[in-house]
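In what follows, chain A forms one complex with chain B and a second complex with chain C.
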Partner chain A sequence: MADYSQFGFQDASSPVMEELVEFHDHALMVALAICSLVLYLLTMMLTEKLSSSTVDAQEIELVWTILPAIVLILLALPSLQILYMMDEVNEPDLTLKAIGHQWYWTYEYTDLKDLTFDSYMVPTTDLPLGHFRLLEVDHRVIVPMESPVRVIVTADDVLHSWAVPSLGVKTDAIPGRLNQTSFTATRPGIFYGQCSEICGANHSFMPIVVESTTLADFENWSSLMSS
Partner chain B sequence: QSFKLLGFLDVKNVPCARESVLYGSLGSVVMGLGHFLATSRVRRSCDVAVGGFICTMLGYWFYCRYNLAQQRIRQRMLREGMKNRILFEGSYLDPEKEQTGSERSNS
Partner chain C sequence: MRRLLARRMKFHLLGAFVVSMGCATLYKFGVAEPRKRAYAEFYKNYDAMKDFQAMKAAGVLESAPPK
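After this line comes the complex of A and B, so read on.
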């Protein structure tokens, strides 16, 4: 989950999120180079060391056409690589449905004998000591680790969005439409997210918690829930 | 704790960022000073210094990130190999068993 004053990404828990963080670092380094150049030119202009009395400047025009093209290529190539990686179809081991309601989520594991449950936020008054305010839920989404999981997201009433930043997932839940996303949790843990589309009074109070466990624990949980 | 250069680049926690900025600064000083010593032109030397900073920083950044990516791939292959070794040890799929079998047949 995010710290109270966190500005950057949470630690990546899926391969796609790792790639996104790396691309973000790469883009910021390019941005630093551009900012340095702009800062220098600004300083030159403010100290009147740069004049605008040039009438014919073929060389500088060539430079400031080719350089931005190179910068765009440096950014576009890894970006497209990640975009296509996110759309890869990778034969998921598990499919689960996430249905958004006002103001809770319903999860359906139809691969496993019609396991369905609702996930409500735990109110602050009922929160056990040490648990996270406005983030904990009564029933978590349990998934096996290191297994591709497909999530089909939809909504029952208004727009919602199923987002888990640590897994690099954010998918809109639209009534009457099925949106598909997939992720692979690379390590065991508990990953928090929150509804990311304004949906009414309690939009901020319908969190998502994904718990990634070993396959054995997942099987135990699913047989417990089914019975 | 993080130190953000120009308010956005976290040089402490981003791999290769700190070295890129430091090498960029060193390259900038060397190229700027070298140009000034050779030509005694201050403004052009400043231009060369800024250009040197950008080129050295980006150049080291790509080199470092490429090596980091290769290291990550090797780590992934090692992890997969260790997992497979534990999984297949002693079974007919164990590659070491095939090797020892062929060594015995050769001797």
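After this line comes the complex of A and C, so read on.
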């Protein structure tokens, strides 16, 4: 989860998120280069070291057409690479459905057993010591670690969005539509997210918690929940 | 004073380019590369089961309560 003073991304817990973090560093570096260039020239102009009194500027016009085109290509290539990587067919080991309601999530694991449960936020008054306010839920989404998982996201009433930043996942939940996303949790742990599409009074109070565990514990848990 | 603007413009445009490349290089080697190395170091000798056992012992997992 995010720290109160955090400025950057949460630590990546999936290969896609690692790529996104790297791409963000690349894009930010390009943005920094452009901003520093503009700031330098602006300072020169404001301190009258430079002026724009020219009559013929063919060369610079060429430069400031070609250079931005190159910058755009530098940004587009890794971006498209990650976009296509996210859409790769990766034969998921598990498929689960996440259905958004006002204001909770329902999860359906229908691969083997018919397992369905609701996931409500734990109210602050009921929160045990040491747990995270407005982030904990009564029933977490348990997934096996290092296994590709497919999530089908939809909604029952209004728009919601199923997001877990650490796994690099954010998918809109639209009534009457099934959206697909996938992730692979590279390590065991608990990953927090929040509804990311305004959906009414308690939009901020329907969090998502994904718990990545061993396959054996996942199977035990699913047997217990189904019975 | 002859061709003053042209000289200054050439100098400062070059300067601006150097400053912007310098900022980008600083960010790349000050932030981006250390971050990549940190991820690589973390996963080089990462023992998922050991991490999992620590979490289980701490009692934070719903699927694997401590015995």
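Points to keep in mind about this one:
To be clear about the criterion, the second predicted complex is superposed on the first by the 227 of 227 C-alpha atoms of A that agree within 3 Å, B and C clash if a C-alpha of one lies under 4 Å from a C-alpha of the other, contacts with A are read in each partner's own complex, and residues count from 1 in each chain.
One rule holds for everything that comes next: a contact is a pair of C-beta atoms (placed from the backbone, for glycine too) under 8 Å apart; a residue touches a chain by one contact, two chains touch by 3 or more.
Only a predicted model underlies this, so the values are computations on that prediction, with no experimental measurement involved.
In the model built by aligning both structures on chain A, chain B clashes with chain C. Chain A has more of its residues touched by C than by the other of chain B and chain C. Look at A:Leu32: by the touch rule set out above, it reaches both chain B and chain C. In the superposed pair of complexes, A:Tyr40 makes contact with chain B and with chain C alike. In the superposition on chain A, no contact is made by A:Met85 with either chain B or chain C. When both complexes are overlaid on chain A, the residue A:Ala69 reaches neither chain B nor chain C. In the superposition on chain A, the residues of chain A touched by chain B in one structure and by chain C in the other are 22, 25-26, 28-30, 32-33, 36-37, 40, 49. Taken in their complex, chain C has these residues touching chain A: 5, 8-9, 12-13, 15-17, 19-24, 27-28, 31-32, 35-36, 39, 43, 46, 48-49, 51-52, 55, 60-64. In the complex of the two chains, the chain B residues touching chain A come out as 2, 5-6, 8-10, 13-15, 17, 20-21, 43, 46, 50, 53-54, 57-58, 61, 65.
The touching residues of chain A, counted against chain B in their complex, run 8, 22, 25-26, 28-33, 35-37, 40, 49.
Within the complex formed with chain C, the chain A residues making contact are 12, 18, 21-22, 25-26, 28-30, 32-34, 36-37, 40-41, 44, 49-51, 53-54, 60, 139-140, 142, 145-146, 186-190, 211, 213-214, 217-218, 220-221.
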